[in-house]
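A, B, C and D are the chain letters, set down in written order, and residue numbers restart from 1 in every chain.
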Amino acid sequence: MTKEAVRALALSKLALHRAKHLIDVGAGTGSVAIEAALAHPQLQVTAIERNPAALGLLEENCRRFGCPRIERVFGVAPLVVEQPADAVFIGGSGGHLSQLIDWSLAQLTPGGRLVITFILQENLNSALTHLATCKVTGLDCQQLQASTLTALGQGHYFKAQNPVFLIACEKESHHV
Amino acid sequence: MTKEAVRALALSKLALHRAKHLIDVGAGTGSVAIEAALAHPQLQVTAIERNPAALGLLEENCRRFGCPRIERVFGVAPLVVEQPADAVFIGGSGGHLSQLIDWSLAQLTPGGRLVITFILQENLNSALTHLATCKVTGLDCQQLQASTLTALGQGHYFKAQNPVFLIACEKESHHV
Amino acid sequence: MTKEAVRALALSKLALHRAKHLIDVGAGTGSVAIEAALAHPQLQVTAIERNPAALGLLEENCRRFGCPRIERVFGVAPLVVEQPADAVFIGGSGGHLSQLIDWSLAQLTPGGRLVITFILQENLNSALTHLATCKVTGLDCQQLQASTLTALGQGHYFKAQNPVFLIACEKESHHV
Amino acid sequence: MTKEAVRALALSKLALHRAKHLIDVGAGTGSVAIEAALAHPQLQVTAIERNPAALGLLEENCRRFGCPRIERVFGVAPLVVEQPADAVFIGGSGGHLSQLIDWSLAQLTPGGRLVITFILQENLNSALTHLATCKVTGLDCQQLQASTLTALGQGHYFKAQNPVFLIACEKESHHV
């Protein structure tokens, strides 16, 4: 599951308050899709997941948190999503990142936002290398490291989470 | 100004999609108040700031980003805010943190959320020590460290931001 | 066991190449004492440990790494160490830090170096608060966060270690 | 200049207490070479630097810290160093890292240690990719992030240093 601070930054970068349709690619159990749907009742959300077990949990979570509107799609992107999106989130790190980025940019309307999170160095490289060849602007790449104050004996220490990389960019508005 | 990742986590922790009234204490130039108002059009926002120059910039930013609804209050908390709040954000680190926390909890409705961010070790200690004596639940304290990929010569390095501490908790719903 | 990067910084701060006698307080299984003894054959090393099981492992490690010179002392500081020291390392975080600091400074010759590492916020506070009242100079306090590249599936991520605090200072050379 | 915690870990990884000859490639103003020479009086140290201004400072620092033994070499590696080394440190990030690694491994005796530090993502990738094809064992790659407690107004915050990557490995002892 995407950690809280990373998810918060990802959602902020997706600029959902002015979005109409978010596609969550590799939605897992739905933490991003559901938080987005709860915070933005007007938002259409499509969650794509290729793992049937995760998709089952996602369905359950949608019921539990009262988000029946989230459209669940079983499968592997690239696949057909009919509505164009103005926000795409890629949270999984299952390889084929270049293809996934191309497909995401194809779904996005001009000016739409793409946000990707991952922990693998290899994904950082392939995403940065590939995005350098894509029609995107305003690329921002951050490394986030969070630690949580945790009781230990008589005191408290900061328990570290693994560093996560987040890339955000915008699809170019004007085709040259 | 509160850094992007910290602001995103703070806003997420404030659970504004189910809030009616946010008080931003030590609002500075308004980055939290404005992002909250833009993301949640239904939300009443009160921004308190004691620095006249910052308050001037806050007014300007409210105009620029189209948030006339944000109520600007000149002064130092504790002061009188008529409407109870279900979310209070303390972003400044100007000392008197214990008093500020007491005042914030007094403004909050039961179950309302308090979020504090700061960089000073002394504030971390005094906040944690004081909150241990307050009627709050679900206390969470995180240290966030973000670094941003930045061009240098032929390559890129992660430029570090200073670590920031964030405390979030909830005012107790039931008085014992 | 003290993590590698923290131990390296601690040993560097102890300036052992110009030291005659290092006391390792709360030596645990001896990682600092043994690395110090191996790197500096001329150095006298006293390792104090109150946990009999740890002391047993320490004895075994001394044999294994060929450091018979390390003097092992069973007990809790404060206790009597006959030789004054020019370097004291406190690696444990077992409370009573103020007393331990006072005792360490009493063992040190003027200009001798004291290095303390811990993970607990409470220890950070009590060490800083107490040292502010002691006759020390050149106080340096760092937070270290290391992460190690680790294989995961087809790639590698940086696995985080918990942040550690390190304080180093020098006993004042001249009494005023 | 290589930051203190990184330098300490680098020196520790170089295992200089059992080394005879350290080559410092891209020695800059000599912080690693000089600390190594001071800590290990028996160690032969060769410092290579291609920037004449830095080399001038290095000479001055050698005098100031009393390390006349450090052999200063003006030039760009690869160049001829007559004595084989059992420890090589690459601290600069001036590109051509693959060549520099090959040259360093050629200087090393079997079992000798190579340590590289840098801040550029591009160097991290090229070093890891290249080392995967080299005859090395025990590769360890760490990311280090240090922050220093710093006074601000009435309090103290941790001032962040940029994250640094450190790679350490050993030249294979037995050719297959």
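By our rule, contacts are C-beta pairs under 8 Å (C-beta built on N, C-alpha and C of every residue); 3 or more make two chains touch, one makes a residue touch a chain.
This structure is a prediction, so every number in the text was calculated from the model and none was measured.
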Steps needed, at minimum, to go from chain A to chain D via contacts: 1
Most remote chain, CA-based centroid, reference being chain A: C
Chain C-chain D separation of Cα centroids, rounded to whole Å: 25
Whole-Å gap between the CA centroids of chain B and chain C: 39
Chain B and chain D: spacing of chain centres that average the CA atoms, whole Å: 44
Sequence positions of chain B contacting 2 or more other chains: 121, 128, 143, 145, 147, 149, 156, 158, 163
Contacting residues of chain B [partner chain A, same complex]: 4-5, 7-9, 11-13, 16-17, 35, 38-40, 128, 140-149, 156, 158
List of chain A residues in touch with chain C within their complex: 93, 95, 119-123, 145, 147, 149, 152-163
Of chain D, residues touching chain A in the complex: 121, 124-125, 128, 143, 145, 163
